[in-house]
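What follows is a set of structures for review.
Across the two complexes that follow, chain A remains constant while its partner is chain B and subsequently chain C.
And then the complex of A and B:
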């Protein structure tokens, strides 16, 4: 059977070519190559999100009256429902963490340089999409914390000049966060964003495959000083097995976190109740949330919130356009590294402040 | 496999006789210290371990998923009886579909004026039947199945008659009851 199936498939699919390409593919091996695995781990977590998300869809009901109860049903009545939901929530958080680690490692190792500019751009867009996934998914259980966090989060869009009000209405599906917001964000979360993400992931992987792994400038310099052959390992099976090992470790971590720290559901959202204390967004939005809090109401005659939002917008655009602005000289690279460090410190400090301020 | 074990046994035997060799055995280095162990055997052991690991991971993933996919049983009290509206409003040669627990039932007043009730779920493929006054039969629109006024399947694909319920009147209200 197998002996007949293989030629049949090979006649119709470019399997042999693909296998041949993979067999010749090598991955550079040096002291920083451990950072190569974060991209793969992010991809693995994305796959986990698709899988567990599809499972959750089987029982979830996207309406203000039923959403909370359906999630409650999933975690209390459906066999292993608590596990599936917890893995989805934990995996989302680990995915954001992995994506950030991947971004900063690429930044510090200067992997965005020519000819990998588009790989970087698609990567930053994917990170923004990941954050959008987090934001839209947060409301879906329709609990108190997520309800008010979404209210605050969507309200920030109002500071955008001219189109701000329209943007808020677009995000909320009306003037207020309501059942219409829930179905809207649900649609984004399970249809619009996954479609864009899948296309971008495809492009990102294609580009990674096309250009191969980037070698950091310092390693390249050492190679130039010592003209020995660059150390590489074969993609098949060496790199793939290491990837698989990393993925299994991530899976084990997810299972452990979900089992010992199952994701809480909280109390059902009541649009007419006062906001409870301790309303805050997910940890990866905390730095922005805290920065907004520390902004004075007016700054040199301009609305403070607007200044903060504008600064974040410029940061985002700067991140996307980084490979076109950074010069590939020792000075230029040092500037990139220092900018990265300052950003990282700023975000960490703001997150720490938010965490400290919110602890009762 | 067997050769691999024989090889390791050989090492231990030598080690027992020779203290110098015993020193050289460390568990972590056992594989590399095996002189008679061929690469092929070593690879077999590793492949076997890899398979075990892969199988474990797959099992740990697919067992919960399979359990998750089977919907939990929601205990629903099997309806014993239900009210089915006004008897006077149900004219001769007409029928009415009413809820009976979580499934539909059909109440029919025959042209002779008698009240009868059946399960309204077609025995063919689960569609809900209706009363056809022109045919004076219970009819299923999905595949043209037909039942007479005793619920017997008389035309079309239905394989079994409809379940018959008892009909009682409480003043003007029709009460249908499952037969025990």
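And then the complex of A and C:
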């Protein structure tokens, strides 16, 4: 059967060319190459999200009256529903963590340099999409915490000049978070964002294959001094097996987290109830949430919240355009590293403050 | 002589001046307070109450016995009061005349309370205004000013009500801690304008205003006749007055410290029934406690036990019913409810136990899966170790 299938496929698909290419493909192997695997782990978690998300879709009902009950049904009545939902939730969080680790490793190893500018841009856009997946998916169980956190989160959009209020209405499907918001965010979560993400992942992988793995400048310098110091490993099977090892370890971690710390469902959202104390967004938005809290009401006569949102917007645009702005000189690279360190410290400090609950 | 007259005039002027100043200050204070008075808001002026036959400018103060009739000239006039509030009551003065306060006042005893003692004088607020002395949160303090004062009450041959009694009650907790403004204060039981102590046989009617089911059960119970014959004040016999504490299951029983033991002992049918009632209450509470423990354990472990919580809530409602049924002073109706309550509690416990069992199964499954994954990781590791070492070749840049 297999002996007949292979020629049939080879006649129609360029499988032989692809295998041949992969057989000859090599990957740099040096003291920093461990960081390469975060990209693969993020991809693996994205695949997990697609798989578990598709399974959840079989039972989930996107309406204010049925969403909570349908998730409750999934975790209590559907065989292994609890596992699928927990893996989906934990996998989402691990995916954000891996994506951040991948972005900062690429930043610190200067892998954004020519000719990989577009790889970097597509990567940053993918990270932003991952955060958008988190934001749109958070409300879907329609529980108390997610309801009020979404209200706070969408409120922030109102600070954008001119289009702010229109943007809030667009996100919410009305003046306040309601069943219309749920349906809208569900649409984004399962249709719009996955379509864009799939296209971007495809582009990102294509560019990675096109340009290969970047070698950090410090390793390049050593190679110039001693050509023997730079080693490579074949993509097949050396790199792929290591990747598989990392994916399996992530899978083991997901299974353990889902079993020992099943994702809570909480209580059903009541739009007419007062917001409970301690409402805060998911951990990856905490730094921004905390930074907004610490902003004064006005800054040089300008609305403080607007200044913070504008600064974050500039930061985002700056991150996307980094390869076009940063100079590929020792001084330019040092500036990028220190900017990255400051950003990382700022985000960590804000997150720690929010977790400690020390906000005034 | 002229000098003596001057000194005398000066002395009189000096003695009159402070009194004039004091009067002036009192008028100013009254005017200021009246600015926030509900009557001022309705367009009334000083002259509406300070009616003088001497013409404008004079402000005679009504005598204490004249205050209630003066207020009644408007507040008992339905046609007049309808202009301000179509649903306002106009029977306050009639009620006042039936009260202990009103009767004494009618007998020219000016020491008892009249309208202004409770509502204030120049800064009168609506009753539902939190600043009013008769607003739900303030009324017990207002009554307590007189009724909590032993010296004042002694004048009437009555004992003062200790101010802390009501504050320590379950009713005070409902009002102050939970903010339930429908919780009873002094006036809910004694009346407001028609304030009078409820008689021994009417106490159950007062309590029945809120505790409807308990009162129904009590009225048809054998205790009703016995209490009436003994002159016992019905509800108050067990629950006391003013300092009404949250009832406990331990009140039922023939052991020391229970309420029943004040009249009953272990002997006879009554002693046995009391013991059985207590056993039933304790049995249901124990079943609830066991169910709660296992449900809480399951919830802390991240399991969803909503069905169990529903059954648990049902069992709690049966417990509430069973505690109410104590007022039937009979075993049969109680048994029916406690049996159903215990069944619900056991159902809740079973859901919790099933969840814990499911958790064990999951963990065993995870242990097995982890072993398989670890074996796979180990195999991968061995495979990677056996691969040829990295070469010193240039990495492929254009792989595709």
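Please note the rule applied: the second predicted complex is superposed on the first by the 356 of 360 C-alpha atoms of A that agree within 3 Å, B and C clash if a C-alpha of one lies under 4 Å from a C-alpha of the other, contacts with A are read in each partner's own complex, and residues count from 1 in each chain.
Throughout what follows, a contact is a pair of C-beta atoms (placed from the backbone, for glycine too) under 8 Å apart; a residue touches a chain by one contact, two chains touch by 3 or more.
These numbers come from a predicted model, not from an experiment.
When the shared chain is aligned, chain B comes close enough to touch A:81, but chain C does not.
Of the two partner chains placed by the overlay, only chain C lies in contact with A:264; chain B stays clear of it. More residues of chain A are touched by C (comparison of chain B with chain C).
Within the superposed three-chain model, A:25 lies in touch with chain C and out of touch with chain B [touch as defined at top]. Of the two partner chains, neither chain B nor chain C is touched by A:131. Residue contacts after overlaying the shared chain place A:251 against chain B and chain C alike. With both structures placed on the common chain, the touch criterion links A:58 to chain B but leaves chain C unconnected.
Of the two partner chains placed around the shared chain by superposition, neither chain B nor chain C is touched by A:236. When both complexes are aligned on chain A by C-alpha atoms, chain A residues 83, 248, 251, 255 touch chain B in the first and chain C in the second. Across the interface of their complex, chain A is touched by residues 302-304, 306-307, 362-363, 365-366, 369-370, 373-374, 376-377, 380-381, 383-384, 387, 390-400 of chain C. Chain A makes touch with chain C in their complex at residues 21-22, 24-29, 72, 75-76, 82-83, 206, 209-213, 215, 227-228, 230-233, 235, 237-238, 241-242, 244-245, 248-249, 251-252, 255-256, 259-262, 264-265. For chain A in complex with chain B, the touching residues are 55, 58, 77-81, 83-84, 248, 251, 255. By the touch criterion stated above, chain B contacts chain A in their complex at residues 53, 57, 60-61, 64-65, 67-72, 74.
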